[in-house]
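In order of appearance the chains are A, B, C, D, E, F, G and H, and numbering begins at 1 in each one.
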Amino acid sequence: MPAPWVFIIIGSDSDAKAMDAACAALDEFGVAYEMIVASAHRSPERAKQAIANAENNGAAVFIAAAGMAAHLPGVVASFTTKPVIGVPLASGSLQGLDSLYAIVQMPPGIPVATVAIGGARNAGILAVQILATSDEALAAKLRESRVTMAAAVAEKSKNVERSTR
Amino acid sequence: MPAPWVFIIIGSDSDAKAMDAACAALDEFGVAYEMIVASAHRSPERAKQAIANAENNGAAVFIAAAGMAAHLPGVVASFTTKPVIGVPLASGSLQGLDSLYAIVQMPPGIPVATVAIGGARNAGILAVQILATSDEALAAKLRESRVTMAAAVAEKSKNVERSTR
Amino acid sequence: MPAPWVFIIIGSDSDAKAMDAACAALDEFGVAYEMIVASAHRSPERAKQAIANAENNGAAVFIAAAGMAAHLPGVVASFTTKPVIGVPLASGSLQGLDSLYAIVQMPPGIPVATVAIGGARNAGILAVQILATSDEALAAKLRESRVTMAAAVAEKSKNVERSTR
Amino acid sequence: MPAPWVFIIIGSDSDAKAMDAACAALDEFGVAYEMIVASAHRSPERAKQAIANAENNGAAVFIAAAGMAAHLPGVVASFTTKPVIGVPLASGSLQGLDSLYAIVQMPPGIPVATVAIGGARNAGILAVQILATSDEALAAKLRESRVTMAAAVAEKSKNVERSTR
Amino acid sequence: MPAPWVFIIIGSDSDAKAMDAACAALDEFGVAYEMIVASAHRSPERAKQAIANAENNGAAVFIAAAGMAAHLPGVVASFTTKPVIGVPLASGSLQGLDSLYAIVQMPPGIPVATVAIGGARNAGILAVQILATSDEALAAKLRESRVTMAAAVAEKSKNVERSTR
Amino acid sequence: MPAPWVFIIIGSDSDAKAMDAACAALDEFGVAYEMIVASAHRSPERAKQAIANAENNGAAVFIAAAGMAAHLPGVVASFTTKPVIGVPLASGSLQGLDSLYAIVQMPPGIPVATVAIGGARNAGILAVQILATSDEALAAKLRESRVTMAAAVAEKSKNVERSTR
Amino acid sequence: MPAPWVFIIIGSDSDAKAMDAACAALDEFGVAYEMIVASAHRSPERAKQAIANAENNGAAVFIAAAGMAAHLPGVVASFTTKPVIGVPLASGSLQGLDSLYAIVQMPPGIPVATVAIGGARNAGILAVQILATSDEALAAKLRESRVTMAAAVAEKSKNVERSTR
Amino acid sequence: MPAPWVFIIIGSDSDAKAMDAACAALDEFGVAYEMIVASAHRSPERAKQAIANAENNGAAVFIAAAGMAAHLPGVVASFTTKPVIGVPLASGSLQGLDSLYAIVQMPPGIPVATVAIGGARNAGILAVQILATSDEALAAKLRESRVTMAAAVAEKSKNVERSTR
């Protein structure tokens, strides 16, 4: 059986750059992924079919990112029972407040696991955490990364520490 | 050819009461309508099919109402090129601010004609105005209703007018 | 009988640029329009007369755009029973939240079909959709444009697709 | 010459109660007023004529109160060069935030002197302060009322003062 | 090996009722769980130890719910690399906007999968979806529940459907 | 008796530029003014004395402008019974929303006539309108300026008008 | 030398009830206090004198609470260099968001230590913490109270704990 | 006994620059401090230990600054009973509104003394004010600094004062 992978769907090609950090996080942990553009509004059929195909081909977690009236994550969630991670993107006047509300305030029955506005890296890490619930090697990598992260904090601190005592 | 009619879709049966005022407005102007429940998230196929059937059967304007991460109006708009009127409903902690943003902030290409939070009556009137662009009898009724409305303001004013001059 | 056309009113000459996308959309669909400046506050008489003239000369849909305490769309709606599309523009500190509220929160009786903050293109498309309710040729163009739109999504996707599977 | 008076316009008869405090303030200072209902949207002609009549008959200050997309104060201000005081009223889901923005964010050229959401009493006092700029007797009453107000604070304080020293 | 289970942590005993819907969802899908109170602020040591114990005893997913400056989900996420689901609760003047921001806006590195304000049921379902990524029987139940959900929409629709065509 | 004049108080010297438009408006109408810096927080005594001196020397209207927790207009209003116009200035992260709330939401008894965020020009015009309640020459200038304003709208319109009819 | 004490100033007698929790906290720790009403706007002189008297009589920390455009804490801070704790109170349509901004967004130079909207108990505890920086007995009581607090969490947890493992 | 000092903790090395103004304020008053980086989420153990060490070594006041879901001040407050000053930093789309809510809305029992978004200088001054409650020399410096501050206002005023009287 092939390893489970992550399917990333973005609402517009202009959102691709904002998702670099999600791809980078998945790369760091050696988790495979695919990313395509499929607008919930301009190409609803394409979105639906891509989700079905991905699920049939072993996609285990979905990440959907969109701005403004960001329906894409909810639409993805309506077509799969796999965990769906939503990334609100900041664009236009409301700077992501609109996409945050449109993603996180899902009605009972169809959850979307929402991360911060522009929180692409955390979307990637959360996908890894979900896959790691049944992959001890991945879980170990996550624990190691926390140790590294804590060490990095201590290391970076040295550059800015001050004392007048 | 049968008269064009209005198709009202609500995201939950609990939203029906909030749409009474839309139905009443359509009744006042003698415009036919149908109303059903079809959740964008819990029953996406049903929603899609209902929209296609309605369009095939002469629905000329759509009204979609929903609360929270209100994707329904946008989903309806993604499946039809008829005018879609969106009604944000207030429910939950954000009191309709979430549904307003999720409905009005549609990306370029797929408009939703948004009315006020809970603005069911105006959704009905706007549907009448749209149909009246090609129905002079209906247009005349709209003009008369404005005269009535202005007279009602003057009449109601009498009950609360005060003067100390 | 001349073809119905769209009357675009903006609150200030500085708003003209923001409405280019509305004009472009109308041009794409071959719908005629006129655009003038008529402030609701600084030139209320001019606004009222322009609306009356336009309606007498066959304007079938109105688009009104304004920023800040954006009363123009509501004022237009108070002087015509034709469908009025409101475009909130972002200007000043509140970045369009003020104009959104001032346009969308119309009281019962006088609707304004509100689009996104800065949503000029969708205002143009919505006007086309309204006219298309009685113009099958226009309706066909709208359906074709959706096919083109969906194809464009698929095409643009290719530029940013990634896969590590 | 008759004494200058204050013209209060409200957008709906349901707003009358909310303006009791404005009337009471004017009564306290012996300033005459008239109050009528004249919706900016449902009865624009009535509003315009009432404003013109009032100005011709010596109205020196206008108070306009409305809820939601509260255009009435701005519309009043567009028809008179007298000072216009705007009172945002809380109604509906946005609880007056919509009316506050729609009243206070007036574009350059046409000011509205905005008071707090539901700030009817302060609207009345502000009108008195404006009239008092040319009425020394009224100005003296205002100064006295401040003394009374300060005394009332001290008096009421006694009921709730606590000390554990 | 015992079945993986869900650990629910709430910031205050007064939050227990709000989490009934999460427990009910887990019960429906036959997923085991434990729920305790452990304030991030008033009992940080207890929280930390409970998280460590739970992880050692097979907890696979964490759900943390809190109101106001809701740090609990983030604190849980800082002590485990398992997926953490955050539920913002509405309490006090800001009605859950504070807890939403405090939970969803996590900095890069430590994700919290955020659901709607008061979205306890979706927290439960999301936990099931995560466990179902490696449990086909659970995945099948989720797919069935969607069929049931869609049927329920159609059934409930009948009670409120209207037609004047 | 010398002509009544307008006293402008700003909370910081960095606010001076933002008030240019108020000064310009007063200059246009030939209304005299003085402007000083007097922080409500950093120099409360100076503020109080300046207000008292100004009132004794014939200041008839006060304009106070400040950003952030903008207490200055309220503090001015607590020391005079003359009309006080408050100008919220945008500075810092909240972009004037903080100063708007801190100025407009005055409690009953002490009104501040609030204009838009950054609405310095309207503050100046409002001051003129207030003085014009007892100065017919000034009132006539205001009426003329409206005619000029309306003409300017028509003139500027020509630069951006478009027609495809 | 008498023990340092806490001076509580509230903007209105109607705010007294909201401050019960502050008094209770001070009582628990045996810290003396006085509470009076002194409006920043309606009685500025009284406020100023009360602050000066309190400081002369050994007040070491000030707590000021107010709603709406809550200037009182900032005004207190402008008249003393003692630490000033501000408590935003929820009243009126904006439910404390206005008072929060008006208290916390103080400009550089004059800090106000702001607690949550309605956070009277924390205002009391913070005052104790400040006094405890130079009072080891008080500091010990604070440490004990934390132990008690943590134990209470564990105790209350028992009433709502659930387990289906 | 060594002089009490202030411990500044920031959530990321990128926050160091934003805290320069806090350090500068402490330097002005001759109050010693240390500053380190210790993320509440990425290095919770480091944060906890640093707090304990600092308290053991005489830290009397804590300042914690963070952006987004800013838990650091609350986490610091959960580990010490010393006064904790929280500085919300603006970063990302919500521009500090998220960090403000996440810091100021602390639940009863564990206060954080919150200053303005980006209010580093006031955090420093507040720390000085707290230490000055038991250090008369420091208290005297604070009083002097107020005199200087007021004089600076008067001095700077001269550069921007205008008069047309």
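Note that a residue touches a chain if its C-beta (ideal position, glycine included) is under 8 Å from a C-beta of that chain, and two chains touch if they have at least 3 such contacts.
Quick caveat, the model's predicted, so the values are computed rather than measured.
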{"item": "Equivalent of A-C within the choices F-G, C-F or A-E, defined by over half of its residue contact pairs recurring", "value": "C-F"}
{"item": "Copies chain C and chain F touch via same or different residues, half shared test", "value": "different"}
{"item": "Chain A and chain H: spacing of chain centres that average the CA atoms, whole Å", "value": "35"}
{"item": "Whole-Å separation of chain centres (CA-atom averages), chain A against chain G", "value": "42"}
{"item": "Separation of chain B from chain H, taking each centre as the mean of its C-alpha atoms, in whole Å", "value": "51"}
{"item": "Touching two or more other chains - residues of chain B", "value": "12, 39, 42, 68-69, 92, 94-95, 97, 104-107, 109-110, 116-117, 146, 149"}
{"item": "All touching chain pairs, where touch follows the definition stated at the start", "value": "A-B, A-C, A-E, A-H, B-C, B-D, B-E, C-D, C-F, D-F, D-G, E-G, E-H, F-G, F-H, G-H"}
{"item": "Chain F to chain H touching residues, read off their complex", "value": "2, 5, 10, 12-13, 16, 23, 26-27, 32-39, 42-43, 45-46, 68-69, 92-95"}
{"item": "Of chain A, residues touching chain H in the complex", "value": "90, 95-97, 116-118, 146, 149-150, 152-154, 156-157, 159-165"}
{"item": "Interfacial residue positions of chain A with respect to chain B in the complex", "value": "11-12, 39-42, 44, 48, 67-69, 71, 74-75, 77-79, 92, 94, 97-99, 101-107, 109-110"}
{"item": "List of chain A residues in touch with chain E within their complex", "value": "4, 21, 60-61, 81-83, 85, 100, 104-117, 119, 121-123, 125-126, 129-134, 139, 142-143, 145-146, 149"}
